[in-house]
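To keep things simple, chains are lettered A, B, C and D as they appear, and every chain counts its residues starting from 1.
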Amino acid sequence: MGLNEECGVFAIYDSNGNCARSTYYGLYALQHRGQEDCGIATINNLELSCHKGTGLVGERFSEHILTELNGTMAIGHVRYGSANSLHLENAQPLTLTYIKGSLAVAHNGKLINSAELKREYEYKGAVFHTTTDSEVIAYIIAQARLHSGSAEAAVNQAVKRLKGAYSLVVMSSRKLIAARDPWGFRPMCIGRKGDAIIFASESCALDSIEATFVRDIDPGEIVWVENGQLFSNRENCTNDTSLCIFELLYFARPDSVIDGQSVYDARINAGKCLAKDYPINADVVIGVPDSGLVAAKGYSIESGIPYNDGFIKNRYIGRTFIKPAQSTREEEVKIKLNPLRATVNGKSVVMIDDSIVRGTTMIQIARLLREAGAKEIHVLSSAPKFISQCFFGTDIPTKDNLFACNYTTEEMRSILGVDSLGFLNTKSLAAIAPDSKCSFCDACFTENYPMLHSNET
Amino acid sequence: MGLNEECGVFAIYDSNGNCARSTYYGLYALQHRGQEDCGIATINNLELSCHKGTGLVGERFSEHILTELNGTMAIGHVRYGSANSLHLENAQPLTLTYIKGSLAVAHNGKLINSAELKREYEYKGAVFHTTTDSEVIAYIIAQARLHSGSAEAAVNQAVKRLKGAYSLVVMSSRKLIAARDPWGFRPMCIGRKGDAIIFASESCALDSIEATFVRDIDPGEIVWVENGQLFSNRENCTNDTSLCIFELLYFARPDSVIDGQSVYDARINAGKCLAKDYPINADVVIGVPDSGLVAAKGYSIESGIPYNDGFIKNRYIGRTFIKPAQSTREEEVKIKLNPLRATVNGKSVVMIDDSIVRGTTMIQIARLLREAGAKEIHVLSSAPKFISQCFFGTDIPTKDNLFACNYTTEEMRSILGVDSLGFLNTKSLAAIAPDSKCSFCDACFTENYPMLHSNET
Amino acid sequence: MGLNEECGVFAIYDSNGNCARSTYYGLYALQHRGQEDCGIATINNLELSCHKGTGLVGERFSEHILTELNGTMAIGHVRYGSANSLHLENAQPLTLTYIKGSLAVAHNGKLINSAELKREYEYKGAVFHTTTDSEVIAYIIAQARLHSGSAEAAVNQAVKRLKGAYSLVVMSSRKLIAARDPWGFRPMCIGRKGDAIIFASESCALDSIEATFVRDIDPGEIVWVENGQLFSNRENCTNDTSLCIFELLYFARPDSVIDGQSVYDARINAGKCLAKDYPINADVVIGVPDSGLVAAKGYSIESGIPYNDGFIKNRYIGRTFIKPAQSTREEEVKIKLNPLRATVNGKSVVMIDDSIVRGTTMIQIARLLREAGAKEIHVLSSAPKFISQCFFGTDIPTKDNLFACNYTTEEMRSILGVDSLGFLNTKSLAAIAPDSKCSFCDACFTENYPMLHSNET
Amino acid sequence: MGLNEECGVFAIYDSNGNCARSTYYGLYALQHRGQEDCGIATINNLELSCHKGTGLVGERFSEHILTELNGTMAIGHVRYGSANSLHLENAQPLTLTYIKGSLAVAHNGKLINSAELKREYEYKGAVFHTTTDSEVIAYIIAQARLHSGSAEAAVNQAVKRLKGAYSLVVMSSRKLIAARDPWGFRPMCIGRKGDAIIFASESCALDSIEATFVRDIDPGEIVWVENGQLFSNRENCTNDTSLCIFELLYFARPDSVIDGQSVYDARINAGKCLAKDYPINADVVIGVPDSGLVAAKGYSIESGIPYNDGFIKNRYIGRTFIKPAQSTREEEVKIKLNPLRATVNGKSVVMIDDSIVRGTTMIQIARLLREAGAKEIHVLSSAPKFISQCFFGTDIPTKDNLFACNYTTEEMRSILGVDSLGFLNTKSLAAIAPDSKCSFCDACFTENYPMLHSNET
């Protein structure tokens, strides 16, 4: 609760047109991956158009704009980021012209050598309009294109220079290209609907336009569409993958399937693991809406303790919500979440949240539960303790602000004012995703950074 | 799914001020009762101010407007209604001046003698600015005030002329008054927070500002606040009450308690009744989000068949959502609801929705379920069959458009393409609300109209 | 410069439809009479629609709204007034239903017995939604209609109760009615375009839709359109007329002709009078844009001193203009008006403004002129000294704030820092409008209030 | 009437801060040079911020944004261009990072070797985000900076590569630089206010913030501010200058002084030339507002025929104006311009407009004049006949659409339906600007393109 990732991407090639509209629906399904900016770029008779800016997909686009954009290829992007009216240029897709005509790029992830690459090229006379990794990537692709026989070859040359997380979509006048970093930090998959070919951050975006899931793009793989055909280059693929485990625990929509693993099942499994590790003699299991609900069901299945709704969440709280006068965090939580007294009054309650980052919100939630009459409160986090930062795009606070970096479990329990407190064991992480074709990055829980240990040292 | 009621009301008296802000939070909690218009009127040093218009509470009000409104008394309103830029005057609260100064009125419900009353007064020279019942009521109160010793006495005189459903809040320069019709069609309750006194459509609005629930306003009761004290007049109270049963089944928020009955429990009970009436040998029970979920849990509890999430609902669909090109209802459903294949694939599924009105949406939902691999689909409605219109504010289609008016259950089952279909038995309605102090109006299911049979004929 | 009047009205009957669109253009031409709110109400197949709100005509109405409004009759209104988001109801036209169906009213002017009438009717149970005179008038018309054989008869009965300034347009389901008060304080005229009949505050609105000016509505006259024919009732007409002289001096557009008098010519005449009363040995005559320019030309014609442009006015200053940081009035004037050095440098300059109310702006303008090198500055006001308030709709400051109420002419000259200062002589007022069929109200210059002296005392 | 130029620029260095606010006022004064987009970029403690987008300066900027921008250096831009929501990136200033930190560029003019330069750099791997010349210039500056000792040296190196019209402002982290092309096509001048130093397209922008005009930037000159001191490099200056004559005739504000020539005087002189070349025995001289008014005064002075106002212009027509239904250009003109019958009825009229481009508007204006009773109409254009396109930024239609390219003067007169028609003689052009330190480009009237004849062939 409270962590943010950078983005979601969507791309479609459909010779029948209307690609902007399909992308609009695809981005709707990926909106949970970023709510600040969004954008769609299309190619229509070789001409590139783009509309982007702040706001939700549903606020930003109108029937009129979708009709203007149209297109037989499109890429789209949703983005999390601090809205800053003075730096609007960071919205994506990035659109530009280069030696071969038009180029559009959108990207989910974070490079760790971005500043270094930028500097290197600035020393050769490059200019940058934004602070996005996408622009660095676009520039390297444009440079690579000078010595490459095709756009996909240029992308291949370019990604060899990138270090970090990237799930990337690139659109040139005639080709639609997607590339995923060799570690596979962020998800990306391929779908089909009739002759149309789609690339998307999550499979739920394919479902939203009733497209069929074909397969995940493998870590390191580059795929592209040319004249309606799908091609692949796997020369950068490795076996040393590290999908962000937090995609399964929190970021992704539960109806997505990522690298073979159902997100929903992974959260059920996380709940089951908690039940095994923290057997509690309780009356009821509840989850913190929305992201703690599935793990709570998993705990219930494994433990046999009945699952019930513990809170009603106000579905109308939006970006323009005015905070309570004294800005007391307490009141704010109450407006968003209302406990169901019938569920918890006089009961011993197991309450599961997706994670505990700063602890501030959980203090208020536990208070609400006590005031609603809970006899005992046992708090479980379906993620392990956060102990370190992320270099690959997840917006984790500094150690100063991480609850688990500053207190022992017993101290945290006492601060929350609850009867027990537990976190998913980092050893259980593998167990929650038995179907995953990828290994995982769990560095924020273990400080075991995949790329750094192997490549850096 | 798909029915609408007219409104929600909120009123607060707080000598410490900030009443606009409290009303803002209260309306947030009542937003599910109306999303088209909203408004807040306040009294500040005897002066009446009002801000109202189209949009959600969070869109309509800014920090600046709340500060301008301020006030030691306030009434607020959320409204469902077809947005029409040419008739904005229908937004509430209605504010006006009369012989005794300022008057503000907001109202949930529907009068059945409104046109008659309007006509009667027009023949005496009255003019009306809106088409709302609130204006008719306000006018009668102003007329009554000429011969009454107090505002509350005028309200009492006025309500004797009204026939139909009304949960009414009235604010004069010095008094805050609430009145509920003698049948109690729509809910309204009283809360306290320190010295502040609150009237609200549902108890969840009290919770949202951390106020304490005091009691329901009884059908027929008039209550008012004068100099910080709460008074009551019960002379219009009867024993012949008829709370709209659809408040419990669908309209109200599950965390509200109405006339003694927890809404959440009532929906659990509806699910249990379905389980008793329709025992099915199935693998899993699912609900249609959001309003079918609680009944599905009730079915699971009673039947022992496991409950699971069957769909993921897109939380970002707003009023500006652009419908699919061919406006095919099919695609629209898919964007809003995505089935969880893991839950239903190869399974025999019991799927519960809050009601089936036209049948069009359910046809699509059942299709999605089949496509996700469900082996058997058993559809149950936690409301009985809709067979007739509502005169008291629920927006039920004409018989031409009611599924159950045009087909037998077997025909409906066949049209939906499911394995079985069942509706809550009208005889079970009483059973779902054992704690209710009120009797119910179930005329839309039974054609047994409470007021009409007793008073009209 | 800096005075405001209340409103402009426009009405059209055209069996060919598109009345909203014609009204839109008519209001565009009347925009100078009020820039805060605007609105259009139409009758279409007996049905009344209305769109109104804050903003300029061009901001408030869209193609879509005009098409929705359409109509075979329409009335429109532009309004000056302090924009207050908490009291939007004051925008006009006022629309309501009464015993005979729909009624819409819009009005320019100010009643002096409005509060009295309101009180009288409140004592009979009336309620008021706004603080406008229009609502009082509408209510009296509705009351009168109970005992009148027609809408126009009801208007006739109603206006007999009104005291003050009103140029009124009324639209019922089948009739379009206009009425002008017996003193004729505010202008109103009749036009035709094919079979269409138009009533408008000023003739420039007729020109804008290429309609033909037919005649002025006489003070006291009621005119109406029924089945496409124009009728008139003159029973309230008197010879004791008092058109606001400030309409000719400042309010009206120079291309309008009011009661026989060209506004442009009146201003030329005012300039000529000044030349006769204040012969100055100067090099050049300039005007303060825009409203002082015509009188400056008149001065030039009479005196033979060449006229030239003295200032360039910034045409882009709008309502959202951000004032200079220290809100120093000085800088603000400079942004709006830039002196033409070539015109004034080293010259003896006669500068004419339409009036001097508070003196604050003129202090700055004179300073700019000095800084641009003017050797001598002679300031003349084409209006006499303001010494008293207006009861009929002109927004004149209190005596505390009137320059001429607090200083002698010599003191004012010294404060302005100019070489001489003169005001139009009140005795010259008659001379500026030789073609006018009306006498004038000049009470703000003379304290000789037309209505009060005859009727009140 | 109807021609557009590309832009206006403003730049300020003020160690006291508030540069965004000063630029806001400066752009207000330059708004006539472009009404589509606008933007301000500032440097504050070495950090670059920018706000830009569609709309007028007064619509685009708020108090809040100006405060956020603040800054001790700023550059601003107003732009004419077809508003296209899909290509917003073209708004200026352009902001980017390069080897030395931040860089912002804004530019008025048009390069003729832009495509060539772009292509050259794309072949070296460059990418472009916009279609503006500014980006090409920025890129060349960044490239030049690799081999230059300072930002101003890089600008100097860069401008040597540019061919065409540019009045350019450049802002790096520590320096504010302005450069004007060696031909001086577009104006730019230097001002001071206290210690602050300002560069602006026109001197009226200096006046608006009460800064003092210092001098024009010479054609070919580069000036810059470093640590509050002003420096100049004149190595690119030549004697072969060609200021756009249309700046004096139409584009610039009449209160500006450009290269020593008062714009107001130039227009007076144009009118005087017309009077000499076309002596007419008329009763009155009028101008088409606003841009024909000054020349009409000049004609009056020279001829002795009285000048008078012929039209009243509606000051409220904005970008959202809805065109008449049948989009008949006729009605549209009437709404914007209303003839003053008193001025023209029964008179022989000389009417002067700034230019006649397509002829369509003049046909309507002449019609209005005839309908207002003009006995004779003599139309004069204070610009010569347009016969050819402009390569340097003026938006002149193709020859197909130029009135004077398709008809003889006699034919044009007949089409306009007037009694005589005359254009300023190209030989008179020099005479209208006796004070100008620059020679002129009059290629659109003569096909004598300054740069092309000397450098190209």
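Everything below uses one rule, namely that contacts are C-beta pairs under 8 Å (C-beta built on N, C-alpha and C of every residue); 3 or more make two chains touch, one makes a residue touch a chain.
What you see is a predicted model; the values in this text were computed from it and never measured.
Trainee: Show which chains lie in contact with subunit B and also with subunit C.
Mentor: In this structure, no chain contacts subunit C and also subunit B.
Trainee: What's the farthest chain from subunit D if centres are computed as the mean of the Cα atoms?
Mentor: Computed centres place B farthest from subunit D.
Trainee: Need the CA-centroid distance for the pair subunit B / subunit D, whole Å please.
Mentor: Chain centres of subunit B and subunit D, defined by C-alpha means, are spaced 61 Å apart.
Trainee: Give, as an integer number of Å, the spacing between the C-alpha centres of subunit B and subunit A.
Mentor: Once rounded, the distance between the two centres reads 36 Å.
Trainee: Averaged over CA atoms, how far is the centre of subunit A from the centre of subunit D? Could you give it in whole Å?
Mentor: 49
Trainee: Would you please write down the residue numbers of subunit C that are in contact with two or more other chains?
Mentor: none
Trainee: Pull out all the chain pairs that touch, please.
Mentor: Contact pairs between chains: A-B, A-D, B-C, C-D.
Trainee: If we count contacts the way the header does, which residues on subunit D are in touch with subunit A in the complex?
Mentor: On the subunit D side, the touching residues are 49-51, 53, 65, 68-69, 85-89, 94-99, 103, 122-129, 138-139, 142-143, 145-146.
Trainee: Applying the document's contact rule, which stretches of subunit C touch subunit D when the two form their complex?
Mentor: 18, 21, 24-25, 28-29, 31-32, 35, 56-59, 61-63, 66, 204, 207-210, 253-255, 262, 264-265, 290, 293-294, 297, 301, 306-309, 311-312, 314-318, 320-322, 324-325, 331, 334-335, 338-343
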